[in-house]
Amino acid sequence: MPMAAIAPRPGRARIVSGLVLLAYSGAALAPLAAIYLLSSAEGGSGLGPALLEPRMLRSIAFTLKQSAASTLAALAIGIPGAALVARYRFPGRRALKALSVLPFSVPSVLVVLAFALFYGRAGHLNRFLMAIFGLSEPPIDFLYGFWGIVLVHGFYEFPVVLQTVGEVWERLPREREQAATLLGARRFRAFLTGSLPSLAPSIAQAAALCFLLCFFSFAVVMVFGGLAGTTMEVEVYRRSRIEADARGAALVALVETAIALGAVGLLALCERSAASGSARAPSAGNPVELRRPRGAALLALLAYALFLAVFFLGPMLSLAAQAFTVRSGPLGPGRPGLGNFARLFSGLPGSSAASSPFLAALRATALTAIPAALAAAFFGAAGAFALRRAGGAAKALASLPLAVSGIVASLGWSLILPRGDSALIPLVQALCAMPYVLRSLAAALSTLEASPAEAARTLGAGRLAAAALELRAIAPSLLSALAFAFAASAGEMNAALALGQGGFETIPVYLYRLTSAHRFPEACAAGLVLAALTATAFAAKEGRGSRA
Amino acid sequence: MRMSHQRPQLFFLASLIALAMSLSITACTKSEAPELVVYTYDSFVSEWGAGPKLAPLFEAATGIKLRFVSKGDGGQLLSALLLEKDRSEADVVLGLDNFLAPKALASSLFRAYEPSGYAAIPAELKLDAKARLVPYDYGYFAIVWDSAKLPSPPASLEDLTKGEYAKKLILLDPRTSTPGLGFLAWTKAVYGAGWKDYWRRLRPSVLTLAPGWDQGYGLFTSGEAPLVLSYAADGAYHLEYEKTERYKALPFSDGLLRQVETAGILAKAKHPGNAEKFMDFLVSETAQRELPLTQWMYPVLPSASLPESYRAALKPDKVLELDPEGLVEEALEAAELLSAAK
Amino acid sequence: MLEVEALAKAWPDFELEAGFRLRDGEIAALLGPSGCGKSTLLRLLAGLERPDRGSIRLDGRELSGLPPEKRGVGLVFQDFALFPGMSVARNIEYGPRRAGLARADRARLVASLAASMEIGGLLGRNPASLSGGEQQRVALARTLAASPRLVLLDEPLSSLDASLRRRLRVGIAERLRAASVMALHVTHDVEEALAVADRIFLMGRGRIVEEGSPEELYARPATAYGARFLGRGPVIRPSSVEAIGAAYKARCGFGDFLCAGPAEGAAACSLFFPAEAPRFVGLETGGDNVARATVLGSVFGGRFRRISLACEPGPTPALPAEASRARGGPARLEIELEAPVGLRPRVGERVAFRVAPEDCILLPETP
């Protein structure tokens, strides 16, 4: 067990780190404050009782139900993958881990299209099955129902589980399992008693993250909800868009955030109880031992790969196929070609712009995502160091912004800055990415032994230099967090839309414009470029070496 | 405290670069002081919307620098306006349709002004006798049909409920999208108090309630269902850009519901003179000519020319209108009717 | 010169309070069982923990209040704490690098230290690939490279196996002496402390209980705690102590013993005699300083035999406290003696032994 960290100097360091934390929380929660001020201003239309009405309660109940079911699905698909990734070396292992950016970087409108293209009534899967078995009605018909939501969410979010749990698992010391096996336990039992306690915190964390993602999921629930799908965001949308009632929207947003806060709080509790009861934590210094799979493991790997290839890659490839399908001419389904990309990159015909607007969008994305990622990494690292000696309350505070959905945050920011200000987009995106960075870095730091940093201090290194040494030790986690922050910021649409003015559009905003203008094949093409961009960042990070 | 490791220095450098990039964003955004501020909605300012076409034309005609500010969609536009009230920096608000107009007019934020050319606008399109809100384009909600996937399309709202169209219709949610609300209004206009019963009968035909037009239409063009709620001019889009007449808006015997979009000058506008010039411009031939291919709506000026592809756009024989009073609450009920347990 | 005065820190379980002096070039051992506070004392000296009160003066300079990097105190960690991402050479030159030494000077320093530690061939290696002994030497080289005035070693050999420990402990002492630094070597291994140190500080429950040269401490522990920890011989709580002239008679459960003792407080002392002191006599021998016992076991210890005995009750009954300290049944005292190799008592045999009065001594119990 790592020893207690270096005793803090009373005063200065604690004050500074306290200030950092306060500034961060303040900045991240500012939109909430704005929303609260708005909702409590005069002229409120007595929304208190309205919130308790059966309709609202039903939407809350449904949201919670689908989030829970979806989380279980994501866990069911992700944990076996994490097991494989943690123990075995196989081609495509890195690509599998890189998929975890998906939920954050692919806009939901495209996700819906992807799954509809594959699993839908006229989708590839149904067409295939109907052709093979000579059916007249599509056999897979549950997409537009509760189980459709669970299916889509499960496949959309399982990479998060795989990545989160896998990373911890691969560094788990094997001795406990081996000890259990020597004592006569069969392999699964050995796993349960040996490794599961150490994995429990990461599983809880992945589950909570998935839960939050599902909780805030809007398009997927609405389209695949089978006419029964309704989330709290519907109420936010209804009041702000249809009723033109910003105050009402603000109040619902607050309720939604409060419930999400409950989930985040539960997450903190889960983590704390799991961590205290767990066995020796995986160490950053443990070498990652991977074997080539053999026998039963090889079969399992192949089965899993096949499963994913069909049911997960299917939708993604369908989307890619759309991007490469050029529609023209009457009635034809379209020819494969690069026409959509050409149109994307060349801009409007006859446009006077020197560079195409999509290239401008690419540039805008780089201008926002790179600073956002660096800022998130910098402040996340500072926060992780500051939180090391902090109590549970401070740690919970750092995770608070997770409860603020993109919609709610951008609603708040547009209240604070009604005219919008593009230069603030990186800041807002950094604030959104920071909780993830902070949590992963704090976890990485907690696995470090304290002695090397202490040794550095006795050798003449100041506090900052010793911290740099520790940063170096968790460099893989830092790179990972950086790549994640970049991907999340590149794919972020709400703040970019709310704050971007004067023609400054990032790729997700551009994509949104495309879908609002009938141009769906080009939207798919743009989405493919975005996914490629973010996946590359992630893959590059993995390539740097996941060894500590 | 000297840091001898390279990493912290790299980080520092990277942070400086990031800061520089951040600051350069401001340079990217156009920052000239505008002489006229127009609040509008998202798709108007998009690359394919009317905004980018109209702004240079306006400037060329009057020399006034114009800035469009997007507030979201129509409803968000109005709610932002109501929130900002007198503090707003807008001179003109463009994009409040006939569903939002009553609430907008009730706020007494607008000033009456009849632009030159106002008289030429057909009377049935003028929502406000006092010309506080002036129409600039209009369209119709319609069911759009994929002729490649469905041999025999429905010919009326009632047809839609027939068994042969089970799970073949993509509707838009009236709680979250304007066209969805428009469909509700359409059914109310046709069925009166019996609209609830209609929605119950319609339920088996509905595949899904998409939260927004983009999602719904995306599913439609992906082939998920051959019928979708959309706009009457969609056929023209596909003819213009995809050279296909595969997608057609259906002429229903009940008639189609009309949506009229309006613009108005704010009473507290800072540049009232410029605003008036803009309103004149908006209903002039120059501007109205640009609307069909960007807004996919009909220009209010009857003399404005329509592009060739508009032969595929649907112009209904019977036009319906509805007082939007109470519509929003009924949207909740409508969605409930569709989602009631089977 | 290191002067530690009334350095104190309170923990939930116990309180640490220490004061001692270390002379230039002196190597001292901080000896004590686990949990007695020795590592904490090191961390206080290094600046990794903050004391509640007290002062630490190194060459006249007050250290308390200074951060670790400004103290000029080196610390060799129990787990070596080598920096994982750096080569051995980079590890060693870490301190000089921070101090701003030029690259050429650093290289020379590293080379010379590596030569003296016999790790010259390992300079390019990754620390994780080294053996325990090699890592230990790298850690020491790294600490010495920073030219500290005081070197602290926190159980540097405890993670190594016994033979390696024995070989390396001498090497450490020699290298420290060659570098002419003051050193404080923490260990729980008595042999190690005796071998390495010029002076030994014996710690117990947060306090320095005894101090002295290894010879002094070994030959004549000054406290019952010291006698027990050093394993010098039996320490028994007497039922009563009676002063007889300048000497005392301690009545213990298994016999009455004439012994020497302190001028005051003899009643609170325990009886101690070195394990090798008793002479075996005939069973019929009577009088003071004689005890009878049954042999429980006999272990060959190299130069002597270690014999465990269960003593029979003597004229004075044993104290309840003493009975409870004995393993096994009530009122049975078990002790261990060292006997000449030639003696081969059988298990179960009854024997008698006599301890000369000059070998018996009353030692104070520390609170």
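Note that the chains take the letters A, B and C in the order they are written out, and that residue 1 is the start of every chain.
The rule is simple: a residue touches a chain if its C-beta (ideal position, glycine included) is under 8 Å from a C-beta of that chain, and two chains touch if they have at least 3 such contacts.
All figures in this text were calculated on a predicted structure; none of them were measured in a lab.
Novice: What's the chain with its C-alpha centre farthest out from chain B?
Specialist: Chain centre farthest from chain B's centre: C.
Novice: Using CA atom means as chain centres, which chain is nearest the centre of all the protein shown?
Specialist: Answer by centroid distance: A.
Novice: What is the distance in Å between the mean C-alpha positions of chain A and chain C?
Specialist: A distance of 56 Å separates the two centres.
Novice: Would you mind pulling out the distance in Å between where the CA atoms of chain A average out and where those of chain B do?
Specialist: 32
Novice: Using mean CA coordinates as chain centres, what's the chain B-chain C distance in Å?
Specialist: The computed centroid separation for chain B versus chain C comes out at 86 Å.
Novice: Quick one: which residues in chain A touch 2 or more of the other chains?
Specialist: 462-463, 465, 469, 472, 475
Novice: For chain B, what residues touch not just one other chain but two or more?
Specialist: Expected reply: 2, 4.
Novice: For chain C, which residues are shared contacts with two or more other chains?
Specialist: Residues 98 of chain C each touch two or more of the other chains.
Novice: Considering the complex alone, what residue numbers of chain C touch chain A?
Specialist: 46-50, 67-69, 71, 73-75, 77, 79, 81-85, 94-95, 98-99, 128, 142-143, 146, 148
Novice: How about chain A: which of its residues touch chain B in the complex?
Specialist: Per the touch definition, chain A meets chain B at residues 38, 55, 109, 112-113, 116-117, 120-123, 144, 218-219, 222-230, 234, 237-238, 240-246, 249, 322, 327-332, 348, 357, 363-364, 366-368, 370-371, 374-375, 378, 414-415, 418-420, 422-423, 425-427, 462-465, 468-469, 471-472, 475, 497-498, 501-504, 510, 512-513, 515-520, 523.
Novice: Could you list, by residue number, the parts of chain A that touch chain C in their complex?
Specialist: Listed in rising order, the residues of chain A that touch chain C are 6-7, 9-10, 285, 287, 449, 451-452, 454-463, 465, 469, 472-473, 475, 548.
Novice: Considering the complex alone, what residue numbers of chain B touch chain A?
Specialist: Listed in rising order, the residues of chain B that touch chain A are 1-5, 7-8, 11, 14-15, 17-19, 21-26, 28-31, 42-43, 46-49, 67, 69-70, 72-76, 78-80, 82-84, 89, 100, 103, 147-149, 167, 173-178, 181, 203, 206-215, 217-219, 221-225, 234, 237-238, 241-246, 328, 331-332, 335-336, 338-339, 341.
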